[in-house]
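Which chain is which? They are A, B and C, in the order written, and residues in each are numbered from 1.
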Amino acid sequence: MPVNANRTIPVADALSRFSRSWKSAALALAVGSIMLIVLPRVLDDFALVQATVYAVMAILALSLGFVWGFGGILCFGQSAFFGLGAYTYAIAVTNMGDSTVPFMLAIVLPAAFAAVLGYLIFYGRLSDVYMGVITLTVTLILFNLVNSTAGPEWKIGSAALGGFNGIPNIAPLNTPGNIDDVISPRGLFELSLAALLGVYFLLRVLLAFKMGRVIVASKENEQRLLLLGYDSRVYKLLTFVLGAAIAGLSGCLFANWGAFTSPTVFGLAQSAQIIIWVIVGGPGTLVGPVIGCVAIQWLTTQIGTQQTINSNLVLGAILVVFVLMVPKGIVPSLGELGMKLVGAARRTRRSADDTRNVAQDDTHSASREEAA
Amino acid sequence: MDLAAIILIQVLYAIASLVVISSGLAVIFGMMKVINLAHGEFMMLGAYAAIEAIRFGVNLWVAILVVAPLVVALIGVVLERVFIRRLYGRMIDTMLATWGLSLLLIGVVTSIAGNTTAGISAPLGNFAIGGYSVSSYTLVIIAVAVVLGVALRWVLLHTSLGLIARGTMQNPQMADALGIAPGRVYSATFAIGAALSGLAGALLAPMTGVVPTMGGAFIAKAFITVIGGGPAIVAGLVSSSMLFGAINQVATFASTPVLGEVALLVGAIVMLRLLPRGITGRFFKGAL
Amino acid sequence: MTQPLLETRKLNVRFGGVHATRDIDFTLAEAELRCVIGPNGAGKSTFFKLLTGQVKPTSGEILFRGKDITAMQPHEPARLGIGIKTQVPSLFNGLSVWDNVWLAARRVNTPMQTERVTREVLERVGLLSHRDAITGLLAHGERQWVELAVVIAADPPLILLDEPAAGMSDAEVARTADLILEINRRHALVVVEHDMSFIRRIAKKVTVLHQGAIIREDTPERIMSDPFIQQIYLGKKPH
């Protein structure tokens, strides 16, 4: 069988193999663990609080990075699950006191909501366009619903929903069973970063096994997946639900971080930001959305401190520019750039060898043609 | 009896607003398959254009019916040439880029006009039915919706522009071979869609407040209406608006406006399950 | 009389005004190899889509080992044992050759077995050395073989091949014919093709489709000497 044994491995090929190998996961976890150990020792409480929100939002970024970047599910309303997580925690902890069950509810409730919504969308085999519009609408409706609950009659148990004012004074997480032992800012940072690393690890493992590989294949070519006998609806639904659970976790931690939540967590702006993080960072990688999130969060904080440039303007411009010019996002593009530079260095070395081998190759292929 | 008349007017108004809000998107999505998530912002631009024109002394009706559509049409042409054109065929990328555009437009307008709500007071006052008072302006909107539907159908069916547009959308290479530049048809169609959106924004400005973020309230409804309508542009628009307008209004009467919106979304999901290609994917086939 | 592997009864499908499949009664025995020929538009690919559940018939039935599969979800015929190589290769282009075959094999094998099966299948089609190549970047002929590997990896009793030799060089076509005969030792195959010399190499029975209906079923030699069939191919000379 004629085989071109001299083919050079394409750039994307090598990059994707690295990013899927255990080496890149080990690297990311190592870096994260170092940060987990070192940062609380060198940063003061104020800086830790700043860092915490980066970690919390990074978890949210991972949720959409997984659902959309790997699963190909275009969810324009990931903030819906984020908001549900925040509000569920706030309402439940106000009613129950101890935070253990509220913490779990904050993860389970968005997942259950996603299960219903996902069932309607995936088992209806609705297309990407509908998916985008419906998820967008869901988050808009949630925003409107919660926003309109300002009156005192709007309460669940003993928790007033507060409408556009939001829910203030949310009780922080406590050690399970001991209401008075509440989490400190340092503790919340450690918990958030540990959760981020945990989610990252979970997703990496998932992607290495059957379910993850089927999900990625579903994004590649759903028809071929069906023709192989896999029910793509089930896998999409599971992906969607898992993404919602992770977003809910992020929402719960967010409510803890600010001790406050308001309808903006459901807002279009929030949803847009999550999408921008993933696009900027790079769909198809897990590290990309995290980096995109940190970069954009930092940028918006800088913009927020001055009055001249409007943040919507900047975010919108970034989104447009990235979609038009850098569709792969930062991480894969930088990676490809790096590989190209390495490849170019290798090629100049190899072309010297090639000129010597050309004469030999010619005689080889001539004899092969005669044999066939 | 009077209550019935009021309810009828309110339902007709709900249907008419959907027609008006969605017409621009029906043209852009229906004909060009471009998912313009900046649709709400086109409406917002139309509203602001009308407000500014009125401040400069232009007659209210001219501002709403002429200035607003023209201004937004112009903006639409520019945006189409610079951005949208590069993304034809890439649906997801179009959605993302137009979302970026919508944020950009909100940011620009906020920087210029600030965050406070502006407005146009509804002209023509009210009229009475029995003990109830109804804004006469709602009748204007209902009338405009009817004219819009009739005019759109007429242009598509009976003018050479409509024929060229339909032909180009179906087969751009053939149109090109026949000497029609597809690029110009796309620009013109996008401009008309933008104009209709601008008109909608200006028209509805007296009923809602005008604020840079007002687009968000309309985008979901408009998309649901257009997608639910199916491939036939005018028949889909009208039938879908009737269905969802009625659902929305009845639910609003029964409870609150917010739950009316919920009913609309639930209705849309149910309908898409039953008729995945929209209403005119199954009924009224072959209609325009 | 043993139960046929595949049987369609009065299968019909209409798309708008087009009657793409007319009253097709098709029977295939276990481990039989059948070729299906017909001019463009005869309905060959549509027939395959009906068998795999991609298209739903307007009327008629499809029975697989006696079981009615007509109204099944698109992933179910594959689970029962129908594999298809589509006319335009349908693969996971962004994934490696190994991953493509792995996914096909994994559904019916444990993780350990899957590794072994994937390796064996790739060796059988001669692509083991390409295991890490990104599928979308391969040459057309190689992609056809990848899809062949993908189809046989799940070991389905019925394999549908839509133009497996299209776009291949003579050497590749010969290799493909040998591969198909080897697969036929344990699997039934229905092969759509245009190349009559290829068909003569592999098939004992040929079904001719024309305008959606079966007009002849016979040996390749008798089909090729039939003047009407030569005519409907518009002067296509048999060789």
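Methods note: contacts are C-beta pairs under 8 Å (C-beta built on N, C-alpha and C of every residue); 3 or more make two chains touch, one makes a residue touch a chain.
Predicted model, so just to flag it, every value in this text is computed and none were measured.
In terms of which chains touch, the assembly is arranged as an unbranched chain of neighbours. Comparing the chain pairs A-B and A-C, the larger number of C-beta pairs in contact belongs to A-B.
Mean C-alpha position of chain B lies 48 Å from that of chain C. Once the centre of each chain is set as its mean CA position, chain A and chain B turn out to be 33 Å apart. Put simply, the C-alpha centre of chain A and that of chain C have 40 angstrom between them. Interface residues of chain A facing chain B in the complex, by the touch rule stated above, are 74, 76, 120-121, 124-126, 128-130, 132-134, 136-138, 140-141, 144-145, 148, 268-269, 272, 275-276, 279, 309-321, 323-324, 327.
Listed in rising order, the residues of chain B touching chain A in the complex are 35, 83, 86-87, 91-93, 95-97, 99-108, 110-111, 216, 219-220, 223-224, 227, 256, 258, 261-262, 265, 268-269, 272-273, 276.
On the chain C side of its complex with chain A, the touching residues are 52, 54, 73-76, 78-79, 83-84, 86, 90-96, 99, 102-104, 106-108, 111, 126, 129-130, 132-134, 137, 150, 154, 171, 175. Listed in rising order, the residues of chain A touching chain C in the complex are 1-3, 5, 7, 9-10, 12-13, 16-17, 210, 213-214, 216-217, 220-221, 223-232, 372.
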